[in-house]
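Please find the structures below.
Two complexes follow with chain A in common, the first pairing it with chain B and the second with chain C.
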Partner chain A sequence: MEKAIAGKVKFDKRKISEFLLNYALYFILGIILIVVVIIEPKFLSLTNLINILKQASTKGILALGCAGLIVLAGTDLSLGRILGLSAAVTASIVQSVTYASRYYPQITKPVPLIIPLLISIAIATAISAFNGFGVAKLHLHAFIVTLGTSLIAYGITCIYVENQAMGSAMALSTFDMRFTNIVNGTVNLMGVRIPYVIFYFFIASFVMYIIWNKTTLGKNMFAVGGNEEAAAVSGVNVTKTIMGVYIIAGIMYGIGAFLEAARVQSVSTSTGFNYELDAISACVIGGISFSGGVGNVPGIMVGVIILQAINYSLYYLDVNAYLQFIIKGVIIILAVSIDVRKYLNKK
Partner chain B sequence: MNDIVRQGTFFHVKRKVVIRTTENNYLLEMVDIEKQFPGVKALDHARLDLQVGEIHALMGENGAGKSTLMKCLFGVYNKDAGTIHMEGEEVNFTNPKHALDHGVAMVHQELNQVLRRNIMENMWLGKFPLKNGLVDSKKMYADTLKIFQNLDIKLNPKDIIGNLSVSQRQMAEIAKAVSYNAKILVLDEPTSSLADEEVEHLFRIMRQLCAKGVGIIYISHRMDEILRISNKVTIMRDGKWIATRDASTLSTNEIVKLMVGRDLDNRFPPKTNTPGEVLMEVKNLTGKYMPTCIDASFDLREGEVLGISGLVGSRRTELIQTIFGIMKKESGEVYVKGKLIHNKDSRIAINNGFALLTEERRATGLFPEMGITFNATVANFRSYVKWGLLSSRKMGTDTKWVIDSMNVKTPSQKTHIKYLSGGNQQKVIIGRWLLTKPKILLLDEPTRGIDVGAKFEIYQLILNLANEGKSVIMVSSEMPELIGICDRILVMSNGRVAGILDINKDDNGNAQETIMHLSAKFV
Partner chain C sequence: MQTQNDEPTELTLEEREEQLKVKEAALVEKETELEEKKAALRFRYKLYDKINISVKTMNIVIIALVVVLLLLIAYGVYDAHY
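Right, the complex of A and B next:
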């Protein structure tokens, strides 16, 4: 009898700890924000929240693309350089037609923005699809093939950017107003000015959520990432699944590159440098397991926002820049080590 | 050509099933199939014929090529030579999808499941029902439930596969194979992790399918089951076809004779060990995380073979894993030679003279991509250290000892263990633990999925160890083998010790019945 009661109490305790583990990320986000607010009460303002979301948005779209590759137990080192190339090409097309040293002097009338967007997506998708081909057909580890394509993409970017009539290696800037407005324009929602880019991020997240949870491709992605052999003997076309996930990642990168060019308003050969690390960090903080087959879209969104909130608040509190690196590193390790607990088998 | 047309509800899907057969009513004819692996001729003129509505048992020792033959049919492997005719037409499936599309489904020996996903997603993987281009979860749930009801399986389609027991996973996998509405169903050792009652359940399902005209190829090592369920038996040895007979004309002894090519008078070696002093005492052992053992107490003598019996889910594995320290204990003590010990993890347990052979060979025992040497010596690296480095000479010597004394059939020490048959893999792993010089061996289903010949060798090995004064605890779902080689049998029921039988004292004739009664004590 006593044993039975003791057993029950323990069960409840386990439930609580399970609950804490399942929502660990959200608690971490909460704790960080509370600490920041205690130190600097003025931090708690709508402007700051919107700034954080705005900055998280383009990175979020990239992370959404990259996350699928991590679910497949892969990774993507080429993301930043793919973005750099797509952004450079986009930038060269959308320069203001009144700007004398534009990349394409032959463009005399503003180009419809859909054209640079589609070109940006096409470039990113082509490279990402090649990554997928390397993984699915050449049976390369994603680390290797994306390492290779990141160098290739960087080389092409440099050649492209430095191939300017007026002076070489100049950053591509002075964009058409319509273009920069795509990101920086705002919607007035009950007196609050919300930048368009935040909507893009939420739309992209919603679409990705549908793909991951409601389509055959998404479900097959989890199966291939979780147990490739099981997927194969169940009749899943593994090659097609991998290719599909990489192509979707490419589309996301293309959109991300287009928006990033508009956001930073000046694209050079170093644009996109190390973006893959931010995207991968956001994914792992968001609970996408490197062992494959695990993750969800809300997790990625939280991961991206946590990362950006940390960045922003450290900057806001005027913490020493080098110390910021250290703090971020510690938080990534801490967040992920708490998050993986829930997948460990209790024995 | 004869067409057998069946109409109506075929399980849950309404459709017309036309099964075409040749004049002699063959659904499937595999002739002169050959397959070469590095260093091994796995199939050498193998053949198999299957008729409509027939249960055809495929038998042979481990490494005889049964699974390989089926994988050639299913498109996992490409055959080197030979022809496969299905319904009179030549087929050559190049991948599993191809085979599934043509009505061939297979339950694989090793469970191929995506552990982190739920049952219904595993079941419909590769054929998700769609609605407006999106996966229709509601239909998926309803269809899964319907199949489960048809097959009388009591599982929640939304449960995560990884949280199920091995036998539940097995039933889910069988239901999945049924969900393909296949004309040919291959079951590769589906009963190896099922308890008797669940085996009956599976047989009911199989008969149900046969009545609908499905041809079933059934691979198993359990003779009595084969003779009971199958119509025809095909026997293979060393990748070759040996014989195909009507099951009714065969006896267990004849099958064994055909399988091993010699007589096997006795399934169990004579018992020669004599248990001595009490070596280990377990007192009121209770694990920390459910499901686990509750309040378990027993002792183990030197040179004794103690069997652990019980229904699947009676937490036999949990008991020995708690003793070994890979599952956390809540309360209770373990004494070895009167001294209290604390196996907090497997390393400490190994230092305390314990060894554990795990139940799921592939998941928790094997390093498939590594050679025999690595697999044999991995638990014992400490003893090969010389000036801070591992001595390959010593490791080679020990590996040779394992290969020789366990009678492992392998081309070389460097062969990747994944190329060996299940029985030979098991021998290497037992050898691995013997190298650590344990006093107490905990063996979890040591003969699971192993053929008769190799089983005998493993029984002999266990008795030899007991003779040398080592103590063995052996978990098994096969009652005859427990009665055949154990000194005493501990019966578990729902996590508790229901009773301990002394085989030498108690009447052998009633042992099986007594165990059955005890198994149900706390259910």
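Right, the complex of A and C next:
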């Protein structure tokens, strides 16, 4: 009898420690939130919650694109710079026609917003498809290809931004009001003003959920990510699948760049800097395994929101900006460690 | 003038079969080589496969990282407010 009780206690202890280790990041977020609320009780306001969601939205759309590449056991280091380039081109087209120092003085009438959106998507998709070609056809490691395209995209962004009529690297700003309203406009839901961008994030998540779970491409993506050789033997067209996932990621980056330009309302050469780290860490926190073949869309959404909540809390607490970088770095290593532990447990 | 034409060498059925067999074997060898090359190209470095560490060690790493993270946050908050 005593032995059985001791066994049960031991089993429960093991279960509890498993739970604590697997959800360590969530507990840390909880601790941070408690500390913030103790120091600044006003933190728990609806405005702050909406701010967190608003900031998480564009990064969430990027993470949704990047997540597919991580499921394929790859990564994307060029995401931030692709966003920077697409956002710079978008910004140059949507500058107010009354602004004297606009990038294109020849544009004298407001451009329909669908044009910059399509251009942004086309640029991001072209670069992402190039990454996909390198990985799928040339069998290069995603790390190397995306590192290369990251530098290429950054170089093009710098040349493009510095090629202004003013001849300076001044940030592209003073946008058409219709453009900024696309993101910053709000819907009044029972007295709460919710920015449009939050809806875009949820719509993008829903579309990605359908692609991942209800389409052949989504199923093939998990098969290729889990075991490429086995997928190929089973008749999955590996090249086509990898290219498809990269193109979808490019579309997401293009949409994300368009929305981010409208959100920040000023695009410079530094726009998009380190966004890839935020997107990758959000994916890892959300349970997308670096070993490939594992992950789901709700996990990404939770990961993005958690990461943004941690960022926002640290900013709210006035924590030194450099220290915030260190904390983010440790969070990424911790997320990967938890992922490795889960992998070892399964092995 | 009499021209002397070389008589075409006619192969016997056995010889032809033997030649065909040799050709077939070479073709099979080529195909095998091609498959091997394709398989080598398809091989991708799996990130976690080479990890040779116990779950217990990983637990210690995670606990250490959590402690480091909490200390960093505590220091950040202390530095900002006191």
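For the reader, a short list of remarks on this structure follows.
Definition applied: the second predicted complex is superposed on the first by the 282 of 347 C-alpha atoms of A that agree within 3 Å, B and C clash if a C-alpha of one lies under 4 Å from a C-alpha of the other, contacts with A are read in each partner's own complex, and residues count from 1 in each chain.
Convention: a residue touches a chain if its C-beta (ideal position, glycine included) is under 8 Å from a C-beta of that chain, and two chains touch if they have at least 3 such contacts.
Worth saying up front: this structure is predicted, and the values here are computed from it rather than measured.
By the touch criterion defined above, A:Val294 reaches chain B but does not reach chain C.
Using the contact criterion defined above for the overlaid structures, shared-chain residue A:Leu44 touches neither chain B nor chain C, since it reaches no partner.
When the two complexes are overlaid on their common chain A, residue A:Ile144 makes contact with neither chain B nor chain C.
Residue contacts after overlaying the shared chain place A:Ser234 against chain B, while chain C stays out of touching range.
In the superposition on chain A, the chain among chain B and chain C reaching more residues of chain A is C. Of the two partner chains, neither chain B nor chain C is touched by A:Met177. When both complexes are overlaid on chain A, the residue A:Ile331 reaches chain C alone and has no touch with chain B.
Of the two partner chains placed by superposition, only chain B is touched by A:Gly226; chain C is not. Look at A:Asp318: by the touch rule set out above, it reaches chain C but stays clear of chain B. Overlaid on A, the two complexes show chain B and chain C touching the same residues of chain A, namely 229, 232, 343. Those residues of chain C lying in contact with chain A across their complex are 39, 41-49, 51, 53-55, 58-59, 61-63, 65-66, 68-70, 72-73, 75-77, 79-81.
Of all residues in chain A, only 3, 11, 14, 210, 213-216, 218-220, 222-223, 226-227, 229-237, 293-294, 343, 346-347 touch chain B in the complex they form. Residue ranges on chain B touching chain A, taken from their complex, read 74, 76, 95-97, 100-101, 106, 108, 112-117, 121-122, 125-128, 130, 133-135, 137, 176, 289-290, 295, 321, 326-328.
Taken in their complex, chain A has these residues touching chain C: 17, 21, 24, 28, 31-32, 35, 39, 73, 139, 141, 228-229, 232, 238, 290-292, 314, 317-320, 323-324, 326-327, 330-331, 333-334, 337-338, 340-341, 343-345.
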